[in-house]
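Single-structure report; data block below.
By letter and in written order, the chains are A, B, C and D; residue numbering begins at 1 in each of them.
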Amino acid sequence: MNVKDFKWEQGLTVKQLIDQYRQVGFQSVELARAAEVFVKMKKNNAKTYLTFTSNMVTSGLRGFFAQLIKLKIANVIVTTVGGIEEDIMKAKGEKFKVGRFDSDDIELHEQGVNRIGNLTINNEAYMNFEDLMLPILNKLYEKKKRWAVSDLLLEMGLTLDDEDSILYQAAKNNVPIFCPAITDGAFGFHLYLYQQKHKDFIVDVVQDFGNILFSSSQDEKKAVIALGGSISKHHAILCTLLNGGAEYAVYMTTAHKTSGSMSGATTEEAKSWGKVKDDSDVATVNGDVTIMFPLAMIWALEELKKEGLLEL
Amino acid sequence: MNVKDFKWEQGLTVKQLIDQYRQVGFQSVELARAAEVFVKMKKNNAKTYLTFTSNMVTSGLRGFFAQLIKLKIANVIVTTVGGIEEDIMKAKGEKFKVGRFDSDDIELHEQGVNRIGNLTINNEAYMNFEDLMLPILNKLYEKKKRWAVSDLLLEMGLTLDDEDSILYQAAKNNVPIFCPAITDGAFGFHLYLYQQKHKDFIVDVVQDFGNILFSSSQDEKKAVIALGGSISKHHAILCTLLNGGAEYAVYMTTAHKTSGSMSGATTEEAKSWGKVKDDSDVATVNGDVTIMFPLAMIWALEELKKEGLLEL
Amino acid sequence: MNVKDFKWEQGLTVKQLIDQYRQVGFQSVELARAAEVFVKMKKNNAKTYLTFTSNMVTSGLRGFFAQLIKLKIANVIVTTVGGIEEDIMKAKGEKFKVGRFDSDDIELHEQGVNRIGNLTINNEAYMNFEDLMLPILNKLYEKKKRWAVSDLLLEMGLTLDDEDSILYQAAKNNVPIFCPAITDGAFGFHLYLYQQKHKDFIVDVVQDFGNILFSSSQDEKKAVIALGGSISKHHAILCTLLNGGAEYAVYMTTAHKTSGSMSGATTEEAKSWGKVKDDSDVATVNGDVTIMFPLAMIWALEELKKEGLLEL
Amino acid sequence: MNVKDFKWEQGLTVKQLIDQYRQVGFQSVELARAAEVFVKMKKNNAKTYLTFTSNMVTSGLRGFFAQLIKLKIANVIVTTVGGIEEDIMKAKGEKFKVGRFDSDDIELHEQGVNRIGNLTINNEAYMNFEDLMLPILNKLYEKKKRWAVSDLLLEMGLTLDDEDSILYQAAKNNVPIFCPAITDGAFGFHLYLYQQKHKDFIVDVVQDFGNILFSSSQDEKKAVIALGGSISKHHAILCTLLNGGAEYAVYMTTAHKTSGSMSGATTEEAKSWGKVKDDSDVATVNGDVTIMFPLAMIWALEELKKEGLLEL
């Protein structure tokens, strides 16, 4: 395929832009490749694992993830507990703010403002989160004493009422949410306080391993969309590994393979493990997910819509 | 400003996407800020320096740069000589190819294919370039013996006939092209061979320093769009420094400030030098230019068109 | 402090090199700053949390981490389960290999070789790991049915006999190991299989939250050494946040703050949260941990030894 | 080769550390590979091109580069003009300072302090540089009117008297310094002012292309040490390309290949061009040069010294 000069035309749609990116070069080409893999995942009815780190839920991607669950693009979610907490906060009306990367952090601290890159969350959001945890945990505890994490998150999703919530859409669409480090956040602290008073309350992470293991099968086509790194990414590909490897995989990250980290691990490296199949359709895109992911996924959604493969 | 959940709607335009990016988070926010600075540059009639590295001319951005010259968005160009060579090759019909980052480079070498990231250029393109240099240099030499670089590039642009060519559009629209390291490429080799036979043929880089110095003035509003790093970026901001500092600046790069390199230098660092003014409107966006720059600039073009500030 | 010309002298020690780095520039300066913070941590008897990702245990840093536990430099460990698994594998004699970043991954897969950057682990190591898990789990289950993760890891450490093992040294030196996502690896799979046959076997992550929470106190001085990102890093600073903030912190990572990720989050960002104190001694070093960490820590060890603060 | 646990021993030398790095993993392994390539360059009498960007001269690496010229490790230098200026400033006694990456740049500007990452240069240094340029240019002009850049830099080196100066050592040891963009800095400004009064004063960059072209030959073994990216790196490998390709190459940079930039271009990519030979000994190390380069080069110097291959 030839490199082609890119030209702007008035009213250019995202779809048209990505069509051009395929022939521009460097990461724009990889982005267009990722977009095509997204289409194949859906067309071939692959069970699709969408993984993301909590900072993406801090960002406005949260609503997009919820939409993708609703549109049956994402069939299984894996994330970190910060993302769970913040999805709930937002569902309850908390407002996060756009700030600056080079803020005065001591000043922010005095104002009770917590910074995540160029976004901020007020302390109040965490206090309000605390208030809402107790009644939910009471309700869960009444039902049973021992909870697999994804079952617990399902119940929490059922208490929410927000179309843009990941937990809400997941609960509504039978999409399980896995969170292998459920205690690594304010959520963990509240679970701990609750357990102090109810010693027989158990969050069973081992049982949930079975749940993600059986969330797909050897026979089924499988796909992974890993946004950022961390255990979210690893947990999904561990599952596809145990189920014979994924047929499709897209990794998007700012990390590089030179560090030998999970964050920077490429879809090629995944082949050595059998996390993805040798002949899988894969793409690794390097860059900020808040920009890259919408671009590639919008192209896929437009394409799928055109082909009548999207239920709106 | 609040973080806002991003949602896809069918037929989404690039303009609408960037409007949403402003409230998404991380680099999408910085990208939207850059887009707004682009609009201000034009609205306030700033003399705008567009700088880019040669790999961007290898990519399909080349046509976009040409378009921006035609649209009077870019008033001065600074680039490296690889970009000059490849612009001319493309204007003469050479086709560059989209390849892969992890190609077998020894195999490519055997095939006479040169790789630049995931793009490739055949050896033939360099041979053909050689053939066209001699008649042009002869013509130049007939006119005069001593050439400032930008004058020489203007003459070369006049010999081309390609709407998508940077040199062609620059020549047509009185936009000077500066290339402070004119010999760092095949171009340099051909200049050298020519000079061997014509000892009085002189490419005068010192004289061209005056040309870029007087390409704007203290009184004039100035703007810098620096894509990638290298001397292209530095040469433009050296010029704005000597002319009192730029009022607007957007840096887009994959490099980070942690290395202390020019590539990673931020618009903030530029303030310490007076390269941009203390109260300037600036944005530094981190990421692949082939994706970032079209996005931000398209938003600006659509906005400027809407406000009647764009001559189409 | 002036920049000083660096010069090599024959037989230069690491200590002397870092002494010079303080005046070299860019990350060498930050590295020297980190080294000084390491010394202060120990001198002021701060309870020190050492966190690392599993790929660092894949690497030869594993023996260094074990040594730092033995030397009472690291008082609490937080890591991911891959690191636990690989530490045990190595303690049992498995050999990992040095390979190449650009290996043919399909070929590796056929050979049963799993790649992590430029290192590899054979499938056999995982099979042998499986064999040794059952007897250990049986032994644990006999003792009691419900295990906090760190207690379980302590027991595992007691079964090992390898001076270079993190689990061994931790068990021997009363250093707790926290692993907030204990199921995210082969370990999790084996726990799951075991629980299938022993339904009352429980791995209690919530209880372990209490263990890390009380691993230090408000009154105690606290320090964090976070190598790489992920939940290891987050879990430690969540703990220091709940205990009033750390007095000392060093982050080393290849990630950058521009992505808004936990991996790239700086010690400055940590101040907004109260994860580190406003007036804490902090350093953020950007670069590959396998190079950076030994350099900075060796300087500190030599310095501490000189001052008689190190028990050898 | 097996991964080996790293352990600190008191008084560890840099040589011993790098010996261990070979078996640690990730970039430490690549660093050790680079160290071995450095030894081969010297052992096999390869003509060695050392290239660096100007920020490395801002840093304390400047003295090390001078030392490497003296030790006959570097036989040809390619750099940017900022590096030339700052080497001269330092030779004349200017002191640069170690500062902070997150300085208040507007405040620095008010104080007349220019920032380069976490280093700073006072405005006075530039003013003093201006004062010393005129007499030197007068002297040059008296000798002849037309100067190839490397000849001009040789003359400047002869006026200096500082063992730690790159220009001084280069002049003393017959090591040419190439600077393909000689006007891209204060130096260029002063050349311009001088030429305004002496129209027949010519800086001939084309002639200097011949000088670098003939700085080595097809028959000779060639080596490239490229620190950072930019035209310095490109100019050296353009020269080795035209001379049949280098036998040895080490690239050290913080840039990544994903951007398709010259800064991030790997030694593999160089093979497709013939910049390095197909069967060359190469290493690409990712990371901050101020840390990486001394480490790898010190190992090589110690090794060469041991083998009696170093003239001290």
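Rule of thumb we're sticking to: a contact is a pair of C-beta atoms (placed from the backbone, for glycine too) under 8 Å apart; a residue touches a chain by one contact, two chains touch by 3 or more.
Values in this document were obtained by computation on a predicted structure and should not be read as measured data.
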{"item": "Chain at maximum distance from subunit C, centres defined as averaged CA atoms", "value": "B"}
{"item": "Turn needed to bring subunit A onto subunit B - CA fit, degrees, nearest 5", "value": "180"}
{"item": "Of C-D and B-C, whichever chain pair has more C-beta contact pairs", "value": "C-D"}
{"item": "Inter-centroid spacing, subunit D versus subunit C (mean Cα positions, whole Å)", "value": "36"}
{"item": "Centre distance in Å when subunit A and subunit C are each reduced to the mean of their C-alpha atoms", "value": "26"}
{"item": "Rounded Å distance, subunit B centre to subunit C centre (Cα mean)", "value": "44"}
{"item": "Multi-partner residues of subunit D (each touching 2 or more other chains)", "value": "25-27, 55, 58-59, 102, 117-119, 256, 258-260, 268, 286, 288-289"}
{"item": "Subunit C partner contacts - residues on subunit B that touch it in the complex", "value": "25-27, 102, 256, 258-260, 286"}
{"item": "Subunit A partner contacts - residues on subunit C that touch it in the complex", "value": "53-55, 58-59, 80, 82, 101, 103, 105-106, 108-109, 113-120, 146, 180-185, 188-189, 191-192, 195-196, 201-210, 213, 228-231, 234-235, 238, 242, 254-265, 268-274, 278, 288-289"}
{"item": "Sites on subunit C touched by subunit D in the complex", "value": "1-8, 10-15, 17, 20-31, 55, 58-64, 66-67, 90, 95-98, 102, 117-119, 164, 268, 286-292, 294-295, 297-298, 301-302, 305, 312"}
